[in-house]
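For reference, the structures are reproduced in the following blocks.
Look for chain A in each of the two complexes below; its partner is chain B in the first and chain C in the second.
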Partner chain A sequence: MNNSLVEYIMHLADNSLIHGHRLSEWCGHGPILEVDIALSNIALDNIGAARSLYEYAAEIEGNGKTEDTYPYFRDVRQFKNSLLLELPNGNFADTIAKCLLFDTYQFYFYTALKNSSDNRLAAIAEKSLKEVTYHLRFSSEWVVRLGDGTDESKQKMQNAIAEHWEYAGELFAPSNIELEMIEQGIAPNIDALKDVWQQKIAETIEEATLSFPLSNEKGWFQSGGKKGIHTEYLGFILADLQYMQKTYPNSEW
Partner chain B sequence: MSNQEWPLWEIFIRSKAGLDHKHVGSLHAADSTMAIEMARDVYTRRMEGISIWAVESINIHASNPDDAGIFYEPSNDKIYRHPTFYDLPDEITHM
Partner chain C sequence: MVSKEKIYSYLENVSDPEVPVLSILDLGIVRDVNINEENETVEILITPTYSGCPAMQMIAMNVKMEMLTQGVKNVIVTEILSPAWTTDWMTESGKRKLNEYGIAPPQNKSNEYIPIEDLIVPCPICQSKNTSVISEFGSTACKSLYRCNDCLEPFDYFKCH
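Right, the complex of A and B next:
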């Protein structure tokens, strides 16, 4: 049972870590200074949430594991983040689209996770929800600004949402581990969050004067991340992230 | 790509309840909502404050430095305007 819980925590932590890492790549490259700082703040919030989760997993596992064990010493197939989050940052609209889809998901997810039968996860959800509420405000407002902006920004925002849409479905498709956790009252039923998520996204997209719906008729989506089947991009992220620990194992500073 | 700059905003932060909002700096933003959120990201990330004011710089009217002579120097020799001739009890602070 503990094994499944650790696996589940790992999925949540990997989502936050990989999203945070991608956003951290904007540091020094933001379109303007203030947005650069905002994206870095959001990156740090995500990495902070990942740390709390990895730390919890390490406590359950024991055996000398620490919060660093998971991000630095696992390989691609052991990461269980959703594919959406490992996609490259693209242009600013691409990143904002990715943020909108994920922030909206996290908002409803953490709201539900506050009621988890696992007190530690409920506490992490409570803390993270405040951060995510701000992230969602940031990404939603930028979708509206770009969508309802110039012809060029509108086109880029529309393309960005269309391109990321097929990766969002995976967030709501429970894996076997998730089903087990839902059964035990530890995880919220993510499948049930999809309608309210889509409703909220539709409102934002409408406010941004963009077009909706974007999904194809069959509602097909990309998936695999939750099972460890990733896009080619994750390997490059890990190469960056793990370089120092792999070159100088267990180094500290 | 437009070269039009976003307007400049002056940012004031209240560090804790009861204290004044103090000027902390300025930033460019498209509107007041964006100005306040950017101020949050730029100026309150180290727990500097609990309240933000954003004022578009164009609305701030400043005195002219050239007027310094006629504005401020006449008060230099009017020391009697300072209430320094009273003995204050030790218990009184913030005077």
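Right, the complex of A and C next:
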């Protein structure tokens, strides 16, 4: 049971870490200063949530493990984040599309996780939900601004949503670990969140005068991340993220 | 053994590293103090403002330093997440100090949602209510960036959370 719980926490933590890491790549590269600061803030919130989760996993596992063990000393196959989050940042519209899909998911997910039978996860959800509410407002506003903007921004926003859409389905497809956690009342039933998620996204897309991605009708989606089968991008992220600890293990500031 | 009141009075000396005019008590992040007479330890429970707040480790260290200075040796600083910190816990004197420092304090209660375009944040410099938001995200996770349309100064707003 503890093993499954650790595995589950790892999936949640990896989602937040990889998303936070990708967003941190915008630091110093944002299209305008305010966006640069916003993306760095959101990156920090995500990395903060990941820390709380890794810390919890380390406490359960014991054995000298710390919050740093998981991000720095695991390899690609051991990471259980959804594929959506490891995709490259692309242009600004690509990042915003990824944020909209994930922030909306996080909003409903944390709202449900607040009722987890696991008190620690419920506390982390309570804390994170407050932050995700800002993130969602930021990404939704930008989808509308770009979608209902110039011809070029509209086209880029439309393409970005279409390209990321096929990665969003994985968020709602429970893995065996998730099923076990749902069964125990620890995890919310993510499958049941899909309708409300899709409705919320549809409202934002409509306000942005964009059209719903066609691939939505196929129902097929990219998956593998939750099982540790990743795109080639994750390896490059880890090379960057883990370099210092792998070169000088357990070094400290 | 030292009293709980005494510990609180020492904590008044520990300031927020980002906003040095505020003590951690003003900020409302100290949740409780437990005195364990048996093994002579003092546990101080603090909660982060934001999950990724980089000031937390520094605050924990400063708490321990302050206690050492006061002769309290066995101190445990425990971080708790629930109930989640809210700006409602900031003291009135804390809000006044913030404003004098040049940061507009939180304007509403955390549970009343006011759309950002309807929220009136008075300028901490000239007190004008004619201000506008530049960015919901500011120099730290807890602040937004505003501009005063009268004195034209940009300023930070400690956002309601």
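Criterion: the second predicted complex is superposed on the first by the 250 of 253 C-alpha atoms of A that agree within 3 Å, B and C clash if a C-alpha of one lies under 4 Å from a C-alpha of the other, contacts with A are read in each partner's own complex, and residues count from 1 in each chain.
We take it that a residue touches a chain if its C-beta (ideal position, glycine included) is under 8 Å from a C-beta of that chain, and two chains touch if they have at least 3 such contacts.
Quantities reported herein were computed from a predicted structural model and do not represent experimental measurements.
In the superposition on chain A, A:A38 makes contact with both chain B and chain C.
In the superposition on chain A, A:R137 makes contact with both chain B and chain C. Of the two partner chains placed by superposition, only chain C is touched by A:K127; chain B is not. Using the contact criterion defined above for the overlaid structures, shared-chain residue A:R145 touches chain B, although it does not reach chain C. Between chain B and chain C, C touches the greater number of residues of chain A. By the touch criterion defined above, A:I47 lies against chain C but remains apart from chain B after alignment on the C-alpha atoms of chain A. In the superposition on chain A, chain A positions 34, 37-38, 41, 137-138 are in contact with chain B in one complex as well as with chain C in the other.
Of all the residues in chain A, the ones that touch chain C in their complex are 20, 34, 37-38, 41-42, 44-49, 51-52, 119-120, 122-124, 126-128, 130-131, 134, 137-138. In the complex of the two chains, the chain C residues touching chain A come out as 48, 50-54, 80-85, 134-139, 141, 145, 161.
Residues 32-35, 37-38, 41, 137-138, 141, 145, 150 of chain A are the ones that touch chain B when the two sit in their complex. Of all residues in chain B, only 2, 27-30, 33-34, 37-38, 41-42, 45 touch chain A in the complex they form.
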